[in-house]
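One chain, subunit A, links the two complexes that follow: it is found with subunit B in the first and with subunit C in the second.
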Partner chain A sequence: MNDSYKKLAKPYEIWLYIFALFPALVMFALIFLDTEGINLSEASLTFGNFSQLTESSTIIAFVNSLKFAFLSTLICAILGYFVAYRLFRSKFKNKFLILTILILPMWSNILLRIEALGNVMQPNNIITDILSKIGIHIGIDIKGTSVAVLIGLVFTYLPFMILPIYTALEKIDPSLEEASLDLGVTHLKTFWKVIFPLSIKGIVTGSIMVFLPCLSGFAIPEILGSGNIVLIGNVIDQFFRNMNYNIGALLALLILILILGAIFLVQKVDKEGETLL
Partner chain B sequence: MAKSKIIVLLFTLIITITLISGCNSSNTLLLLNWGEYINDEVVEKFEDKYNCVVNISIADSNELFYSKIKSGTTVYDLVVPSDYMVQKMVENNLLEKLDFSKLPNYSQDNLLPGVKRISKLMNESSRNEIDYTQYFVPYFWGTWGLMYNKNKQGLEDSLNQYGWQAYFDRSLLPSGTTVGMYNSIMHSYAAVMCSENLPLNEEKDEYISLCYDKFKAMHFDEWGTDTMKKSIAAGNLDLAFVWTGDCLDMLYSTLDDGTPIDEVSFDIYIPEKTIAFMDNLVMTKNARHKDLAYQFINFMLETENAKENASVVGYCTPYVSSYNAIVGYEGEEQWDNDWKYAVSKYYPYYEDESLYKGTPLSFFSKKYMTDMTNMINNVKTS
Partner chain C sequence: MGKVIIELQDIVKKFDGQVIVDHLNLTIYENEFLTLLGPSGCGKTTTLRMIAGFEKPDEGNVIINGKIFNNLPAYARPINTVFQKYALFPHLNVLDNVAFGLRNRSFKFLLSFFNEEELKKEIIQEKEQKGQNNKKITKLDLHKKINEKIIEEAKKSIELVKLSGFENRKIDQMSGGQQQRIALARAIVNRPQILLLDEPLSALDLKLRENMQYELKEIQRKLGITFIFVTHDQQEAMTMSDRIVVMKDGTIQQLGTPKNIYNEPQNRFVATFIGESNIIRGTYLEKNKISFMDAIFDCMGYTFNDNEPVDVVIRPEDFDIIPKENAKLTGTVTSCIFRGVFYEICADVHEMEFVIHAYEEIEVGKVIGLNVDPYEISLMKVNENE
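Up next is the complex of A and B:
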């Protein structure tokens, strides 16, 4: 490669140093300190922050995060695969248009969408209002439950699952499938033996893209859980909000380590490094 | 030739931009405020009059105000912290002592008795004998109360009969009442202290375990913030501990939609013992545009401007003249009459300071805040 191309990445490299690496180092320093906010002038060295890790609410919040992230990834993977496969098989002229429609909801602000979703999960909302005018009285009341949070997470992150799976499916050489069918393998078996194994990397990429934001997010559980469901992101939010940057940084770094661990794991499993592309 | 022309052009452009932005910055007031807490029309009027730009940033907690001022990454000129945060900022030497000779519109006599009372309480709770009133000009003030759904059968009666006790005891509430608590550590803690008639500003471990028991027994349906007022108005929530201004804000918008005042579906019960707060305009020590800041404070103190400002915010104006202008309205305008009704009902005027309800919060140590955070999370996760 020509050396002069290296310079193209320089701006972003500098950006990363300033806005990712440096803050991460500050956070690392903060976990061993007792400071007032982010002000280091009256800081004192301490290991007291680590006792937060044994606090039962922290552990439960952490388990909750893993649980919700795992479940929503699983649901997204199943639903997403169905949609991607349907699209892959369909004979639409303009598949790009369909994909655009799928990501259309992402064009509006996520908080707005979640607030709106939370609104229709309550017994009195704009839809029940209209329905009651024509004599139909139905309404659900699930806001504040785990189901509501799960629906919100799947609703938000499903497109991140569909796109990579669809791309992986499209990349499969059609002659492989033809060969399989020519040699007398049934359609179903062809799917399990040929198509599915070749699309797994799409599922893995999609899973990372769904799992990670679900693990660290706090807005969706806060709104749809009516403040009663606590994930690790909410605990971090609370500590930063109340100016305890030390414990906040500690818990945030813990998540960072988990995320790096997940990426490392994927790299180990997938030696060619195609998954993350 | 063409190249040098472009370079010259670029240079001119850069210099012009620097000059323009330089001029602007000397005439820009940086205000750090709460969301939806100022009337933009009044700000525009100020900008026109003094030919300047008011740049408003938003933060949603007193603690955020503090860390933004302390870190100093952006040097704000004016901030609007509440009582206890003013105390903390003064104690940490972050605020400028105000020169009241530059504020001709300010007068001690023009402050409502309730406002003077909060100032006094602030000075009384001082550990360092500081006169905090030298540092701030009151901006808005108000109380906290129990906002409730009037359509819930029996709820109004049990609140009137049991007050705080009903809020923390489901057996005193009509069956099926949904109850919300404000999702702020200090305010939910203060709710328990008020209901038990305990001091709001003492740090004791037994108070934290008392809160744990109360919250756990109550099992709140929602830990929300300003969305709860909308839930109550929509009938999705029956009772919640909120800012009185939240209720009024909702009332104003309901009235704006054309609902007659006696058909409004919610009201607020203000208990004998509750939280009171006062948000204040303060100037930071490092403020770069002090003269403009003084002009701004002085402008906001004008009776008409303060009144106009209060018309979009659900809280009470601290100035007697503006208060009288609101409650003394004698016209036919529906909106002004409704406003008059709401202000005189929820922010009544007493000559005697001691008749005013509410105690301001005070600042807690970092350890106590951490313990409270963990306590609340333990309630939610168990």
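Up next is the complex of A and C:
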């Protein structure tokens, strides 16, 4: 019984070997090589690629990435907690429907969404057109600024924060809140002493699910930052575009190690993976 | 009886249009150990929850200390609860769970809880011991002292439920019975005026349960708390309560002392729910004369109309087995089972199955005579709906 189920996982296992593990190994090899593109025939062994790590451009991009990832995680955590908590408290029967509506944007193509968002951030877009038809003349011009990138990141990754927090909240036994009230503790204090500590798992899971793509992504800063804002993802993107696979692989692996570390952290905090739905 | 502490006036509670508690009237006195006893789903927990403030009655009033409490939130009531499902905080250890109620109270509350004067006296004493001349008591001193006191109280409470040494354990490392006792400690530590206990001993083994029954009774006497206790277990109700409320389908079937309920059940439900009973249809002939099963018996202490049909209740242990020659009732033994202290005998008497408790074994098939003393016969009004 168990064995035959294991067999069902085989195709996926093979898929992983071919499209994840093998490329990762190739990337690892590329770090120590100097190649012309991906052409291994004229490869030569070198440690020269590592000097890229101390280049100021790399460091600045990396610090920028951390800054943006940290800020958007923080904003997402605060906004996400409010939304999740509001939903958790609402008497609405079909909470699942609301959740679906919140996730719905995730199902449309991210590039389309970001392009659309970028459009709204410029003057003379469809919304200002419509508004001006009825006599309201407002418009913003923030595309290309850090604020625009931040808005884009939060806009894109907020659902990843709401879901785990909401799940963590739903899993709290309602009788715990009653017990706290019964012990003479007011509603506000009950929130801070019982509800919040028990939902931290959700915040940690959500934070990592927001932090990582913010750290490594390159499409959002590229489009909404109009090239003014360079994150580590953009640097990696540049190296790969310029056929410098060795340094690209090096930086990409660095990010990979960060991601693995983060997953390890989630597992520590949330052993049963409860908040991952 | 002492002062009235809780009054439930004509309480009705409905869930989804279904009546769960039906025009319940109940007066509870200070310092009393009152037990709600009844089958699963009869509304015991719901009644407790209305007293605690987690449910609002649809009709009627909850009056505590003479004030209508219907809309007072749970945290403002002088009541603590031991929940049926424990409801311990999984993110806190045992000590922090027990200390939770005191730690999260206002400074003002704690000052009066621990008696401000005493606190100050102790602080001054300590300062003298340390040889400090500065006799001024700061707020910080008080805070420190209160924190000490809270931990002291929590530890005392943990000791009371016999869990000393487990203070730093996590909740999920404790067994069901231990968790139940933590829940008890967590409630008691606040010295509430009223303690609600929803089957607080259900997860304990017999020995520990008996111990805890005794301890609870002691705690109640010592601290002078009014206990409202819920249980399925009639034995437990009998041994612990001052008064028992027998409930069924959200209504009170009978309210009285354990003795009163056992010896004079008011209807078939109470008679069968509390202990075992033989219930026989009879006729109340005249004062102190009752006829059933073609024989006339003496009885005492009941008044009905002459010749009114009544239900006669005789407990299994109230039959005396006598030689069949001088007996008004005779029966054939159909089974005899050893039950530890006594034998449980089933006998066919006038085509009715009687349960009789006896101290000697009687062989199956033997014809026995039965006698019952006048004061062992209880009579109930016939209720055709049952």
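Methods note: the second predicted complex is superposed on the first by the 256 of 277 C-alpha atoms of A that agree within 3 Å, B and C clash if a C-alpha of one lies under 4 Å from a C-alpha of the other, contacts with A are read in each partner's own complex, and residues count from 1 in each chain.
Heads up, the rule we're going with is that a contact is a pair of C-beta atoms (placed from the backbone, for glycine too) under 8 Å apart; a residue touches a chain by one contact, two chains touch by 3 or more.
This is a predicted model, so every value here is computed, not measured.
Partners subunit B and subunit C, once the complexes are superposed on subunit A, both fit on it without clashing. Here the vertex is the CA centre of subunit A, and the angle it makes with the centres of subunit B and subunit C is 160 degrees, a multiple of 10.
Looking at the shared chain after the overlay, A:188 reaches neither subunit B nor subunit C.
Look at A:122: by the touch rule set out above, it reaches subunit B but stays clear of subunit C.
Once chain A of one complex is fitted onto chain A of the other, the partner contacts of A:179 are limited to subunit C, with no touch recorded for subunit B.
In the superposition on chain A, A:134 makes contact with neither subunit B nor subunit C. Counted by residues of subunit A touched, the larger count belongs to B, out of subunit B and subunit C.
Of the two partner chains placed around the shared chain by superposition, neither subunit B nor subunit C is touched by A:45.
With both structures placed on the common chain, the touch criterion links A:197 to subunit C but leaves subunit B unconnected. Of all C-alpha pairs spanning subunit B and subunit C in the superposed arrangement, the closest lie 45 Å apart.
For the contact definition in use here, the subunit B contact set and the subunit C contact set of subunit A share no residue. Per the touch definition, subunit A reaches subunit C in the complex via residues 173, 175-176, 178-187, 189, 193-194, 197-198.
For subunit C in complex with subunit A, the residues that touch the partner chain are 52-54, 73-76, 79-81, 83, 85, 87-91, 100-101, 104-105, 109, 186-187, 190.
The part of subunit A that touches subunit B in the complex is made up of residues 34, 36-39, 52, 55-58, 60-61, 64, 115, 122-125, 143-144, 226-230, 235, 238-239, 241-244, 247. By the touch criterion stated above, subunit B contacts subunit A in their complex at residues 61, 63-64, 66-67, 70-71, 180, 183, 185, 220-224, 227, 231, 234-236, 366, 369-370, 373-374, 377-378, 380-382.
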